[in-house]
Amino acid sequence: MNHALNSGDTAWMLISASMVLLMTPGLALFYGGMVRGRSVLNMMMMSFGAMGVVGIVYVLWGYSMSYGPRSIAGLFANPFDLFGLNGAITDSAGDYVMSGSFPTVVNVAFQLTFAIITVALISGAIADRVKFSTWLVFSGIWVTLAYFPLAHQVWGGGLLSGSADGLAARIFGVTGAGADATAAVAPIDFAGGTVVHINAGMAGLVLALVVGKRLGFGRVATRPHNLPFVMLGAALLWFGWFGFNAGSALSANGTAGLAWVNTTAATCAAMLGWLLTERIRDGHPTSLGAASGVVAGLVAITPAAGALSPVGSLVLGGVAGALCAVAVGLKYRLGFDDSLDVVGVHLVAGLWGTVGIGLLGAQTGLFYGGGVRQLVVQIMIALAAVLLSGVVTTVVALTLKAVMGWRVDSDAESAGIDQQQHAEAAYDWGNLAGGVATAFAGTAGKAIPSGNPVPARVPLTGAAAPEDSIHSIRTEAHR
Amino acid sequence: MNHALNSGDTAWMLISASMVLLMTPGLALFYGGMVRGRSVLNMMMMSFGAMGVVGIVYVLWGYSMSYGPRSIAGLFANPFDLFGLNGAITDSAGDYVMSGSFPTVVNVAFQLTFAIITVALISGAIADRVKFSTWLVFSGIWVTLAYFPLAHQVWGGGLLSGSADGLAARIFGVTGAGADATAAVAPIDFAGGTVVHINAGMAGLVLALVVGKRLGFGRVATRPHNLPFVMLGAALLWFGWFGFNAGSALSANGTAGLAWVNTTAATCAAMLGWLLTERIRDGHPTSLGAASGVVAGLVAITPAAGALSPVGSLVLGGVAGALCAVAVGLKYRLGFDDSLDVVGVHLVAGLWGTVGIGLLGAQTGLFYGGGVRQLVVQIMIALAAVLLSGVVTTVVALTLKAVMGWRVDSDAESAGIDQQQHAEAAYDWGNLAGGVATAFAGTAGKAIPSGNPVPARVPLTGAAAPEDSIHSIRTEAHR
Amino acid sequence: MNHALNSGDTAWMLISASMVLLMTPGLALFYGGMVRGRSVLNMMMMSFGAMGVVGIVYVLWGYSMSYGPRSIAGLFANPFDLFGLNGAITDSAGDYVMSGSFPTVVNVAFQLTFAIITVALISGAIADRVKFSTWLVFSGIWVTLAYFPLAHQVWGGGLLSGSADGLAARIFGVTGAGADATAAVAPIDFAGGTVVHINAGMAGLVLALVVGKRLGFGRVATRPHNLPFVMLGAALLWFGWFGFNAGSALSANGTAGLAWVNTTAATCAAMLGWLLTERIRDGHPTSLGAASGVVAGLVAITPAAGALSPVGSLVLGGVAGALCAVAVGLKYRLGFDDSLDVVGVHLVAGLWGTVGIGLLGAQTGLFYGGGVRQLVVQIMIALAAVLLSGVVTTVVALTLKAVMGWRVDSDAESAGIDQQQHAEAAYDWGNLAGGVATAFAGTAGKAIPSGNPVPARVPLTGAAAPEDSIHSIRTEAHR
Amino acid sequence: MKLITAIIKPHRLEDVKEALEAFGVSGMTVSEASGYGRQRGHSEVYRGAEYTVEFVPKVRLEVIVDSIDATDVMEVILKAAQTGRIGDGKIWAVPVDDVIRVRTGEHGPAAL
Amino acid sequence: MKLITAIIKPHRLEDVKEALEAFGVSGMTVSEASGYGRQRGHSEVYRGAEYTVEFVPKVRLEVIVDSIDATDVMEVILKAAQTGRIGDGKIWAVPVDDVIRVRTGEHGPAAL
Amino acid sequence: MKLITAIIKPHRLEDVKEALEAFGVSGMTVSEASGYGRQRGHSEVYRGAEYTVEFVPKVRLEVIVDSIDATDVMEVILKAAQTGRIGDGKIWAVPVDDVIRVRTGEHGPAAL
C-alpha cells in the first residue's frame, strides 16, 4: 500500500499546507480590521490562540481521531492509535509512511492547518466580549468533539463519506463489491464545505446565542476600524485558499488546476455579486463588501472546487455573493449578535456550496442532467453537519458558561477588551489622541526587590528628555 | 502533442499562479498606502474590481483570445473557440489537455493572473478621482482590446513573437524550415516587459491625460498616508514576482532558478540605485524610494529574467532604479497627473528592460558581442507595444468619457472619494479626530416597513452606554 | 557528480527560497510595529537596506565564500572562484550545474535569502538611533566577515561541519574511510541555529553595547506603535519559516514534512509557553507575547527541525517560549539597550535550540538514550558561533564607530529618526494630529532654474481649494 | 454672551448633545482632550516592561450662549454628563466680547 | 489683550493663515475640532448597517492679539474663511488678563 | 477664578505636570495642538516632490485656578516649560465666571 514518493505532489502538499496555515493570520487581519480599534488585539489573539491550542492538540490526538486506523462506529477514529503521531511518521523500518504519493507526515501538516482555521473562523461570532482563557479552552474541546469527528466522518471514511458503510451508501446503494465497494452516489465535499464552513458557521451561531449580545448591539456604532486590513486579510485568505482548495486534490495535477481556476472564477463572481447587491440596495459598492464577497465566494466553492466547470463556478459564486450580502443583514432583525457574520458568510455560503453541487455539479448536478440523487446526498451531509455542530457546540458552550463564564465584565467591555484582557493598546500614534500618555514604570516580575536599582525606577532628574516624548515616571506617590 | 504530466512542473506552475494572483492585492497596498487616507479604499478597490472583472472575462473569452487555436492575422485569437474554457480543460476522452509538461488548466490559472495585474497597474495613474463604475467597465473592455491581443502577439505565436509569421522573422529571416521555422532573431519578452508593463504604462499615460489632473495637482500636498503599507505592498509584489518571472520558465528547472536569481539581483541593485539617486539629489534616501526602486527593478528584469547573467542583471537593475527615480519627477514639469507614477515606473522600466536585453543579453546583447540585431528586434517590439496600447487606450478612454464620464464631481473629490463612491471611511481610530462620531442608524434595505421594531431604531433610553463610545441615534427629527 | 534534475525538489526549493525572501519584509513589519511611529520607516529600511546590500554581495562573492570549491583552512571558501556566480550556474557545455537533485542556481537563490535575513535580524538591537549609511556599510562587511565564514564552516564542509576535517571529527573521531569519512558524531544545525540565530543574536548584543542606549532608555515610554503589524510580521515569518526549515531538507520528501510539522509544533508550544509566563508574571497574556513566542519557537526549532519527534518539538518549543519571555526582561537589569530583544529571542532561543538537540534529539539526544556525545558537539558549535560572531562583530562595529560613527545626533533622535534620516513621516491621517500640515513645495532637483514655471511654485490664487486639505505654499518669504 | 466649556467623559457626549438640542442650543464644537485628576489611568505591559498611562480620554465641548442662558445651559450639561463616578469632569463659563457667524458676518446672539 | 478663537472649515486654514500673516500676526495655534450645527454630516453603510456621522471636521484657530487689533483681526479671519456655504463656522473674542512668552518670560503685547 | 492656558512643547508636558502637582494643582486638561510662529517646520520629499510641514506639534494645557493663584501657577508653568529655544510657547490667563464639578455639582473653587 506504500506508493513511491512523488516529489512534485509532495512539494505541492508542503506548500499547500504552508498556504493554509497563513490563512489563519489572514483571518485575524480580516476580522481584526472589522472590529473597533480597542478590541483588534483580542480579535487577532483569538486566531493566534486557536493556532497554539489546535496545533498542539492536533499533533497529540487530532490526526489520530480524524484519520487513525480504527473508526469508532464511523463517528471518529481512536485518538490513541497514533497519539503524538507515534507510528504515523515512520514505520518500524524507519521509512516514512506514505499517504498515496506523499509521506503521511506531509498529510498531517496539511490536515492540521484545516483544523486550526476552522476553529479560528468561529471567533468572529463573539467579537469584543469573551474571556481569552475561556476561548482557549473552548478551542481545545470543540476541535476534539466537533471538528475531528466530522473530518473523520466526511474525509476519514466515516458515516458521511462515500464508503460502503456510510449513510449515502445506505440511501442509494453501492457500486463495486467487497473491499472496493463505495456509495453509488458519493457525497462531495472537496475541500471542506461541511467539515469547515458549515461546522464553524453553526458553532458561531450557537456561541453568539449562548454568549449574548455586545453592549449597545444594534444601537451603538461599531464600524470597522481598519478596512485596508480587512482587504489585506481577504487577500491572504484568497491566496491561502489555493492551498486549501487546489491542495485538496492531494496531487499536483489537472484536478488541482481545475480547483484553482474554479476557486478564482467563483470568487471573482461572488465579489461582483456582493457589490452589485450593495449598489442596488444601499446605493454604494463598498470595500467591506468586496472583501466579504471574496470570502463568500471562496467558502461556496470550497466543497465544489473539483466538481464544477469554470462557468458553473461563476454561477455558484455569483449567487453566493448576492445571497450572503442579503444574509448578513438578518442578524439585526433576528436580534442575535453574530458580530462579524460567521453565520451570514460561512454557514450560508457553506450550505449553498454544498447543496449547489447537487444543482451545478458538472457530471451529477440537477441542472446538468444528473438527476436529484446527488442533490439529496448533498442536502443530507449538509444537514448532518448542521446537526452535529449544533448539538456539540451547544453542550460545550453551555458547560463552559457554567464552569468558566464567557463574558468579560461590562466595564471591561466598555473600556475595551484589549486593555482589560491583554493590558495592551493596539496603536500608539505618538500623540495625545485617546488620552494616551505613557511612562515606563519598571520591569516585569513582582519579585524584583524594591531596593533594586533598576534604572527605570530612578525618578526623572533634570536631564533633558527627548523631544516629543510624553513620558512620566510612576512615583511612589501615585500608587 | 500531449506530453506526460510532470508533477514538479505542475506544482511550480500552481504555486506561481497563486503568487502572481497575490501580487494584485500587494499592488493595492502599494498604491493604497501612497494616496491620502480618504481615498485609500477607492484605490484598493480599483485593484479588487479589476480582479473581479478580469477574472470573469478571462474564463469566458480571455484565454481563447490569447492562446486559442485560431489566430486572426496574428493580432488576436478567436475568442469563441475556447469560450468559457470549453475544450481547454479536458479532451473528449475526459483527460486533461496538456500544455507542455502540465495541464492546460494550470496554464489558464497562470496566464489569468497576468491579465489581472496588468489592468490593476493602470489604476495608479488615475488615483482619487474616477468613478468606480467607469473603471470596472474600462477594465473589461481594455483587457479585451489591448491585453489579450498583445499577449497573443508576443506569447501566443502572433505578430510580435518569434514565429515564422512574425515581424521579427520578416526583418531578419527565419531559421529551421517548415513547421519548425522560427525567427532567426526572436524577440525576447520573458515574462511581460511589453505585454504587461509597457502596455499598462502607456495606458496609464493616456488615461492620465484623458481623465485630467486631480484638483490642486502640484499645489496641494498629497503625500502618502501609510508608508509601511507601501513597503509591505512592495514586498508582496517582490514575493509574487518570483511566480511571475521564475514561473515564466514554465518549468521547475535551471532557467526558473536563473530567473529567480536575476530577479533578486536586479531588484536589489535597483533599490540601491534609486536610494543613491535620492541621496545625491534630495539629500535623503527614503522608504518610498526603496519601495519604488524595488518595483522598478522588478519591472526592468521582467522581460530579461531568463536572458541575462546575474551580473548583467545587477547592471540592468541599477540603471533602472536611477532612471525611474529621475523619471518620476517629470510629470510635474510636463504637467500630467500620473498620480502614482505608472509611467515613470512601469513604462520607463518596461522600455528599459525590453531594450536592455539588446545590450546586456548574455548571448545576444550588444555589450556581450551579440551585435545589434537583438537590439533592433527589442526596440521593434517595444515600439509596437507602445503603439498598440496607446491607440487602443485612447479610443477606449475617450469613448467611456463620452458615454459614462470618468470623473466624480469636484465636491466629492474634495471631500474624499471613499466616502462619495463607497460610503465608507478607511480608518476609525475611535476618537474624534477628523470629526468622526458615528451612530447606528438602521439596517440595509429601504424595504423595511418603517413601523418594524428594528432594535436600532429605538431611541437611546437612559440605559448606560458603553464607555468611550461616541454614538448617536438618527432620530426622525434629523431627517 | 551531476545528478538528474528532480522537478519536484526544484519546485520546492524555488518556492522555499521565495518564502524565505519574504521573511525579511515580514521581519521589517515585526520590528517596525514594535518601535514608535516616528521611527518605523527607519526600522523597516534597515531590513530593506540589508536586502539590497546583501543581495548584491551574495551574487558577487557571497556564494563563492560559503560554498565555493576551495576552503581556506576550513574557515571560509575562496571568494573569487565563483565570483559573480561565474561557473556556478552553467558548465562549459552550457548545462546547468547541479547541487544534488536541483540546479545549483536554485541553491544560490535559497542560500542568498538566509544571508539577507540574518543581517536584517541584527537591526532590532539598535532601533531608533543609527545612521542608515553606517548600517548599509555594516551589512556588507559583516555578512562577508561573519556570515559567509560561519555558513562555510557549518554547512559548506568547514570546521564546524561533520566533515572528517572538522572539529567534531577531531573530538569523537570519524566513521567511514577515505573520501567517505565523516565525523562519528556530526554537529546538527538543520536550518541555521548557529549560522543564523546565534550569529545574529551575538552581533545584536555587541552592537547594542557599541552603539549605546537610546536617549531615555528605561525611563521614557517606548511602547509598540502598531501591534497588528507585529502580529502580521510574525505570521509572515512563520509562513516563510516553512521554506527556511522544511526547505532545508533540500528535497520535497519526508524529512521536509517532518521539519514542517516540528516547526509548527514547537511554534504553537512556544506561543503558549510565552503567554503562560506572562499570565503568571504580569497577569495578562499579551499579543506582543504571542507574536514573540511564535518567533522564539521558530528560532529554537530551526537547528532541530529534522532531528526531533513532534512531541520532542513540543517540549523544545514550550521551554523556548518560557525561557525567552524571561530573558527579554534582562536587558533592563543588565542595562544594555537591545531595543527589540535580538539577544533575548534569537541568541537565547538559538542557543537553546542548538543545545537542546543534544537533549531531545530523536536518535542521539541525552533524554532519548543517546548519551552525551551529541550534547558535547552541540555545545561546541554553539560556543564556536558565539565566539566567532562576538569577535568579528566587535572589530567591525568599533571600526565603523571610529570611521563613520553609528549614532544620529541626539536632536535628530529626539525629533524622530524617520524625519531626520529619510525626510519622511510614516503616516498621515489627514488631520492636524502631530502638527502635520503640509504643502507641495516644488519638484526634486536643485538644478531647476528658479524662473522655471513649475506649477507647484505658482502661489495659491483664489481658486477653491479642496475640502479637508491642509495645504500651504512655501513662498519666498518663508525661506 | 458666554463661552461654556465642558470637559466630560466621551460616552456622555451623545446624551449631552441631545440634551442641549432639546434645550434649544443649535450648535456646538467638540474636540478630544486628555484629563489628569483624581481619576487614575491604567498600566500596560510590553515584553515585561510596564508602562503607565496617566491621562484619561475626555471630550471638550464648547458652546457659546447668550449670557442669560448660561446658567441654564451649564445645568443642562451637568445633568446629562453626570454619572456620579470620579472623573465626570468640569464645566466652566467665560465671558465673551463678541461672536460672528462666518457665513453671514452676523454679530452677537444672532450669530449663534 | 484678546483671545480670538475661530472655528473654520479645514480647507480655509491656509488662506486664513496667509491673511493673518499679511495683516502682521506672527503666531497662532490651531487644533482639530468637530462641529455640530446646521451643516449636517453624512451616513456610511457597512454590511448593510447604516451609520450616521453627525459631527463635521473643523479646525479651531486661536490667536492672541492686542485689544485694539481684535476687531480687525476678526474681520481678516472672517474674510479669509468665508465661503458663504452652511458650516463656515464662528469667530469669537474673549478678554485676556495677561500673556507670557515662555522662552523669554516677557509679558503682555511684547510676548506675542 | 482664572483659566490658565499654556501652549508648550510636547516633551515638557511631563515636567510641567509634575511642577503643577508639586505646587498643589490637582487636575488639568491637555490636548494636542499645532503651532505656527517663529519656530519653523521642516520639509519632506516624496518621489522628488517636496512638501513643507509648517505647523509644529504643541500641547495645549488648560488649568482652572483660584484667582489669587493665577500668577503663581503661570510662573510655575513658565519655569517648567522653558528651554530657552524658539518655540517654547505662550501662557495666558482668562477670567472665569464659574466652574462646576460634574460629579458633585459643586461650584467655584470647591469644584477644582
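As written, the chain order gives the labels A, B, C, D, E and F, with residue 1 at the start of each chain.
One rule holds in what follows: a residue touches a chain if its C-beta (ideal position, glycine included) is under 8 Å from a C-beta of that chain, and two chains touch if they have at least 3 such contacts.
Everything quoted here is computed from the prediction, not taken from an experiment.
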item	value
Target chain E, source chain D, minimum contact steps	1
Shared interface numbering between chain F and chain E [over half = same, under half = different]	different
Averaged-CA centre spacing for the pair chain E and chain B, given as whole angstrom	44
Between chain F and chain A, distance of the C-alpha-averaged centres to the nearest whole Å	50
Overlap residues in chain B, where contacts from two or more other chains coincide	6-9, 11-12, 15, 19, 221, 223-224, 226, 281-284, 286, 288, 329, 332, 414, 423-425, 427, 429, 431-434, 437-440, 443-445, 456, 460, 465-472
For chain F, residues that touch 2 or more chains besides their own	11, 17, 30-35, 44-51, 55, 57-58, 94-95
Complex contacts: residues of chain C adjacent to chain B	5-12, 14-15, 17-18, 21-22, 25-26, 28-29, 32, 40-41, 44-45, 48-49, 51-56, 59-60, 84-85, 89-90, 96, 102-103, 105-106, 108-109, 112, 132, 226, 229, 418, 421-431, 433, 438-440, 443-446, 452, 454-456, 458, 460, 465-471, 473
Chain B to chain F touching residues, read off their complex	221, 223-224, 278, 281-284, 286, 288-289, 292, 325, 328-329, 332, 341
Of all residues in chain E, those that touch chain F in their complex	1, 3, 17, 26-32, 64, 94-103, 105, 111
Residues of chain B defined as touching chain E within the complex	414, 419, 423-425, 432-445, 456, 472, 474, 478
Residue numbers on chain B that touch chain C, as the complex places them	6-9, 11-12, 15, 19, 36-38, 215-228, 231-232, 234-236, 238-239, 242-243, 246, 251-254, 256-258, 260-261, 264-265, 267-269, 271-272, 275, 281-288, 290-291, 294, 309-311, 314, 329, 332-333, 335, 411, 413-416, 427, 429, 433-434
